[in-house]
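What follows is a pair of complexes built around subunit A, which joins subunit B in one and subunit C in the other.
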Partner chain A sequence: MKNSDDNEPPKPFDEMLEPDGTVRMAYAQYGEWLHGTSKDTLLRKDEQADMMFRRLGITFTVYGDAESTERMIPFDIIPRILDPHEWDYLSRGAIQRVDAINAFLDDVYHDQAILKAGRIPPELVLNNDAFRPEMLDLDLPRRVYGHIAGVDLVRTGPRDFYVLEDNVRTPSGVSYMLENRQTMMRLFPELFATNHVAPVGRYPTELRNNLKSVAPVGVDDPTIVLLTPGRFNSAYFEHAFLATEMGVRLVEGQDLFVDDGLVYMRTTEGPKRVDVIYRRIDDDFIDPLAFQPHSMLGVPGLLSVVRRGRVTLANAIGSGVADDKAMYVYVPEMIRFYLGEEPILQNVPTYSLRNPDDYKYVIEHLEELVVKEVHGSGGYGMLVGPKSTKAEREAYAQRLKAEPEAFIAQPTLSLSTCPTWVEEGVAPRHVDLRPFVLSGRRTTVMPGGLTRVALKEGSLVVNSSQGGGTKDTWVLER
Partner chain B sequence: MTGMLSRTADNLYWLGRYVERAENAARLIDGTYHLSLLPITPEEHGELWRRLFQSNEELELFQNKHPGFDDDSVVEHMVLDPENPSSIVSCMDAARDNTRAARAELTTEISQCMNQTWMDIRGINMDKIHERGIQDFLDLIKERAHLFQGVIYGTMRRGEPFLFWEMGTALERAENTSRLILARSNSFHRAHRRDDGFDFYRWGTFLRSANAYSAYRQIYGDIDPVSVAEMLILNTTIPRSLLACIEDTTDILKTLRREAQCAEMSERLAAEVRSMRLDQVLRSGLENFLHDFRNQVHALSDQIRADFMMVR
Partner chain C sequence: MRLTIAHETFYKFEEPAKHSIQYLRMTPGSSACQQVLSWSVSTQGTLTPWIDGFGNSVHVSTIDNEHDEIKVVVEGVVDTFDTSGVLASRDGLPPQLFLRDTPFTEIGEATLALAEEVKESIASDTLSGLHNLTNLIADKVTYLSGATTVETSAEEAVVAGSGVCQDHAHIFLTCARWCGIPSRYVSGYLLAGQGNDSHVASHAWAESYLPGLGWVSFDPTNRQSATEEYVRLAIGFDYMGAAPVRGSRLGGGVEEMSVKVQVEQTQN
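== the complex of A and B ==
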């Protein structure tokens, strides 16, 4: 606990510099290079990077912003670097979580042992909007539900990593991991000659093999497609990028149809059977006959084919029940229950406002907490207590009062900072990390990920929709 | 051929059409710009645009907004008007949209080229055109269209996606050339010839509008309306002649699927054009021939959709 006369908040952990100014191991080589590189050079590189991204047309869409619906996510030219030990720890922790989540999903759609054992309140699962009774008693290939997961992590100290959320619906951002690396290799080839950075470029191949390994029974050479909501979706660039890199067709709902218990795509040669669908459309919109009836994005009848086991969806319908912000609290419990292990990565202490004690605490401590909607994502609709005004807190408290079960709260973590190129030069900015975990024949994680950075000084919100940028993430091999 | 997504095939077909259409519009305006340097009456000038717009069913749209065919009105309509689906700005918007939709089938270089062009012409308006000069702007459009087509030729795999793009380009050319001839169809009669040197410029401009001026000079030498018609209709070494466009389309369709109905249709149309007697057609009415040709091209594109796009 802080001393009462300690007015200065402690400096957050920095990825490059120890409190005494010495350079941490991961940055040993890079730090030296950065020290010897002029501001002019960095400025020029930054401009080059900007031009490269513009010409590539890497944009995302900001909703509710009529003026500029297409924006670029700012790219920062200074990498976030992790040493081999840090990565070993992180990757084991991320794989452990995803394994437990897949076991949990298989369980809640079959025997529900964890509910029967009283380890998770059943109503939290069974009454959850993301729980899909349509998936009950269905055996999925390799019992995998979350084939692709993006585990959001933040760091507060040398060995202190916290998981913020496990994205097992349709996590995005992997194209930035790949494009950021390509951009860095073009801008700074000399750095890759001296630093032993683990490559990430084989991700599309791994993803493809992974999807192939979960094809329906009896299909040896499956036709895989990537299903996108279309070119007006915020992540369309990523969908097109991944389809190209994997060598699979990029399809929209209108390109697919169900006939006689199978899924087909419309091609210039007539109907062609589809076996595995890497879908980037949410459950609600995937099949108008089963879910949202007015959805134009999905494929009517798709669920019926899933139920017959004649097509695999990645991620599986109903995976969302595991990454709900209310369910998040129980992931450590899942790890203990299914794997018989202790969690490697920590959860952030979380207050569920449905619980009266927690509710009372949160209302009294709004100024110190981050409050999020249970079903929200993308940083929309959250309250960052320490950065909020009194009026904002009062307005937010009204929402909490009206619908407490829709919110959770967490202490404001002192997110680590990483040197970042900003207007006045190199300065520390807060970062998080999203490694991508693939599950199929086995569970793997690409050595790297998406580092998001809050470009505004002092800001803790890294979401791209809220002005965050991205960095290349280096995992050193030695 | 293994079969590509029908929707993507459609996107690539229209990508070919829109880029060619934008470049064609630039050439048309460019041609009349040269024309206006000559002692040509404003009436004759206006009549040319009137006939061009009429053949494309955009005359009403133009006349609702503009009282006459002055330069600024024509540029406004042909370059800037977002309500005119054939304006350069509309074409480039549609081309970019199709590029995005078909992105997964295109090379990075192609996407980059389109993005760069789109960034460069975004926000263009009359003031900016006056400032930099219309000629400069038209040059940019032509240059970028050629660059874009070149990047596709240079970087894209010769598979189905490429062929659908190429076919869109060929059919758009057939339409544009037929429209261009149609707008002047009454000038091809020998009786209409003027021998004051003015004709030389007028036909020169016409040929430039079809990107065929220097080719004409190399093949035929002196300017003569019958030869001009022969070249733009029948000469298969001219990439925008009617016959060349239909022969290209036939080849592509046969490569895609030899037994497709549209391939047969296209072949029939090519044979029809090839066997035409130009002198007879010029006597009995070039207009009828061109209308018939255009109808057949429309029927052909409908059949292509039916054969390849799984039209429901």
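== the complex of A and C ==
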């Protein structure tokens, strides 16, 4: 149901079109092509894309969905395009953020200067379950904790990019960035001949080099493995894909063991020492002798080798304390404190319900806000005020009352839209962007990333678990 | 006081195990209240020493051939000093860290009742309030060996009304943390006196952080702070973090474990 026109919110920023209908610089060439391409052609390309993905078998496990536990993430054939200036700004902002986060992690596991300086309330760090005292006073190679980060961004205007979340635990989605590009290149080779799209295909090589650069001291040619929780994990496809692309062994906990102070993997030629583990298992399950005792996923004894500096885990145990939603508020402060710079990218104004003033404001303005669980992820358990019913808001207010410290709230941003192929043709849909940042010898970001799109008209929820799709992300080199 | 300690842990498996790994937190450190003169940990496995995040000395022990038993033997001599229960040395750990709850120390109805009973006295005079808590726990939860398991939580032990030193320590931590006093679990040894009961000699208690004093020990089982009869071994948020042994193995079936601990005073 539509409201009358005078109640319509202002039109969100469109990635392709200026308000007057002219095509933006990033889409100059593509827009012309799209304009001259028939609906039939696009329909055929869409069907072709669907077949390609089915053949690849990319699926994603959707939790809380009794009927289908595995489903395809819809792929959209219209790319999201960023021009060189936009990308320069974005990438500098993402690198700055991740550099500050790594400095923060090194600090909180050593001197805790930022806590002593009173810039972050100590209890938010020390009494946070994601803060792992197991990592105290341990020097990591190159002082890097979040070797792989995914910074979630949204856009509301030409130069208005907001960071929604910094993912420095085990961020996923990079396989979609790579697969989406390959699919696009097969579907539309002519577009890549005319548009100067920065390549992303070297990501696996860059990731491998990055992991190599943080090997334990004295190991020049490290053996790298990718540790997965196994085939039932929602991102198993990505784990297998990345291991293959990097040319490293995909292992499960039972394939590794600790002996004589080192980590080994079982191979047909006997035990082989492992130096760097790209782990896609959460801290809780990584070593049953140190964390969750009944976990069968991890490697018993692993922490002892980490602490002796004889194996590197990427990302490091305890990185999660930096991407907690309660800590998010303080990332700009980290940038100022550690780098002495002003943040390039903005934070979304955030209300912490642990503060009585914020709590009062949020309760009174639930209809306008998005409320999230501090420790939640994947878009589960959140309230999108403008899309909610009165009953939903009342039920949610009860949860807020019971445990205010477990929630934060943010204004609903008018996420930018991008032309998207839907049933009725090409129509604007809301998008976000997750660029991937690698930290090791240097901090770099792949020119591209994962663009997620909310396929339902008007929806702001882009999470694949909630019916979102993905797009190829083009960064133009000129 | 010079204490000589002999601590033997013996595991017997119903069938051979292929691979075993254990974290052994069985090595004391020297501090203002104790000086380690000699110490050894031995087992048939490969031992590699490391230091955990709390500063505890740990060994990782691995056995990678077939075995149906594991024997860990610890022997050592420690000089202890009476510091009136105050651990007069800094360990660099932020005290506030030890306000964190664990599954063992989550407050429940029964533990809350205890905490509320001492809340005011802790607020007005922390030290004597915590002594009150120590006595209250001893009154409410009778020492009874075998009454609980290593998985019993503080709340469960209070409801049961009986438990061992580990439960006493967990209850203390639960209540003290709820009152806002950073508190941590300590595992160690106690000069057992006559009879030399292993259950008594292998001990656990709590330490709370008091501004100005530092870490102060409280032992609800014996209604006192640590004396020179105590040897500190390891600290943690709870039993799991400071446990003398945490292990895992491939195969082996059901295990039987026995522990013998002897603490004796010797001449210096």
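Quick note on the criterion: the second predicted complex is superposed on the first by the 472 of 478 C-alpha atoms of A that agree within 3 Å, B and C clash if a C-alpha of one lies under 4 Å from a C-alpha of the other, contacts with A are read in each partner's own complex, and residues count from 1 in each chain.
The definition used in the following text is that a contact is a pair of C-beta atoms (placed from the backbone, for glycine too) under 8 Å apart; a residue touches a chain by one contact, two chains touch by 3 or more.
In this text the structure is predicted, and so the values were computed from the model without any measurement.
A.B. asks: Using the superposition on subunit A, decide if subunit B and subunit C clash or fit.
C.D. replies: Subunit B/subunit C on subunit A - fit side by side.
A.B. asks: Could you tell me if A:D20 is touching subunit B, subunit C, both of them or neither one (first, second, both, neither)?
C.D. replies: Touch status of A:D20: no partner.
A.B. asks: Tell me which partner A:D357 touches in the superposition: subunit B (first), subunit C (second), both or neither.
C.D. replies: After superposition on chain A, A:D357 lies in contact with neither partner.
A.B. asks: For A:E190 in the superposed arrangement: first (subunit B), second (subunit C), both or neither?
C.D. replies: A:E190: touches no partner chain.
A.B. asks: Is A:E423 touching the first partner subunit B, the second partner subunit C, both, or neither of them?
C.D. replies: So A:E423 meets neither subunit B nor subunit C here.
A.B. asks: Using the touch definition from the top, say if A:D40 reaches subunit B (first), subunit C (second), both or neither.
C.D. replies: After superposition on chain A, A:D40 lies in contact with neither partner.
A.B. asks: Once the structures are superposed on A, label A:Y236 by its partner contacts, choosing first (subunit B), second (subunit C), both or neither.
C.D. replies: Only subunit B; A:Y236 stays clear of subunit C.
A.B. asks: Looking at A:D220, would you say it contacts subunit B, subunit C, both, or neither? Reply first, second, both or neither.
C.D. replies: Touch status of A:D220: no partner.
A.B. asks: For A:N127, decide between first (touching subunit B), second (touching subunit C), both and neither.
C.D. replies: It touches subunit C, and subunit B stays clear.
A.B. asks: Determine the nearest approach in Å between the Cα atoms of subunit B and those of subunit C after overlaying the two structures.
C.D. replies: In the combined three-chain model, subunit B comes within 5 Å of subunit C at the C-alpha level.
A.B. asks: Residue by residue on subunit A, keep only those touching subunit B in one complex and subunit C in the other, then list them.
C.D. replies: none
A.B. asks: How about subunit B: which of its residues touch subunit A in the complex?
C.D. replies: 1-9, 97, 100-101, 103-105, 108, 111-112, 114-116, 119, 160, 164, 256-257, 308-310
A.B. asks: Please name which positions on subunit A make contact with subunit B in the complex.
C.D. replies: Going by the criterion above, the answer is residues 54-57, 226, 230-231, 236-237, 239-240, 243-244, 249-252, 254-255, 265-272.
A.B. asks: Give every residue of subunit A touching subunit C within the complex, in rising order.
C.D. replies: Touching subunit C from subunit A are residues 112, 115, 122-123, 126-127, 129, 132-138, 257-261, 288-290, 293, 300-301, 303-304, 307-308.
A.B. asks: Which residues of subunit C touch subunit A once you look at their complex with the stated criterion?
C.D. replies: Against subunit A, subunit C makes touches at 19, 21-23, 46, 48, 50-55, 58, 60, 62, 64, 92-94, 96-97, 99-100, 240, 246-248.
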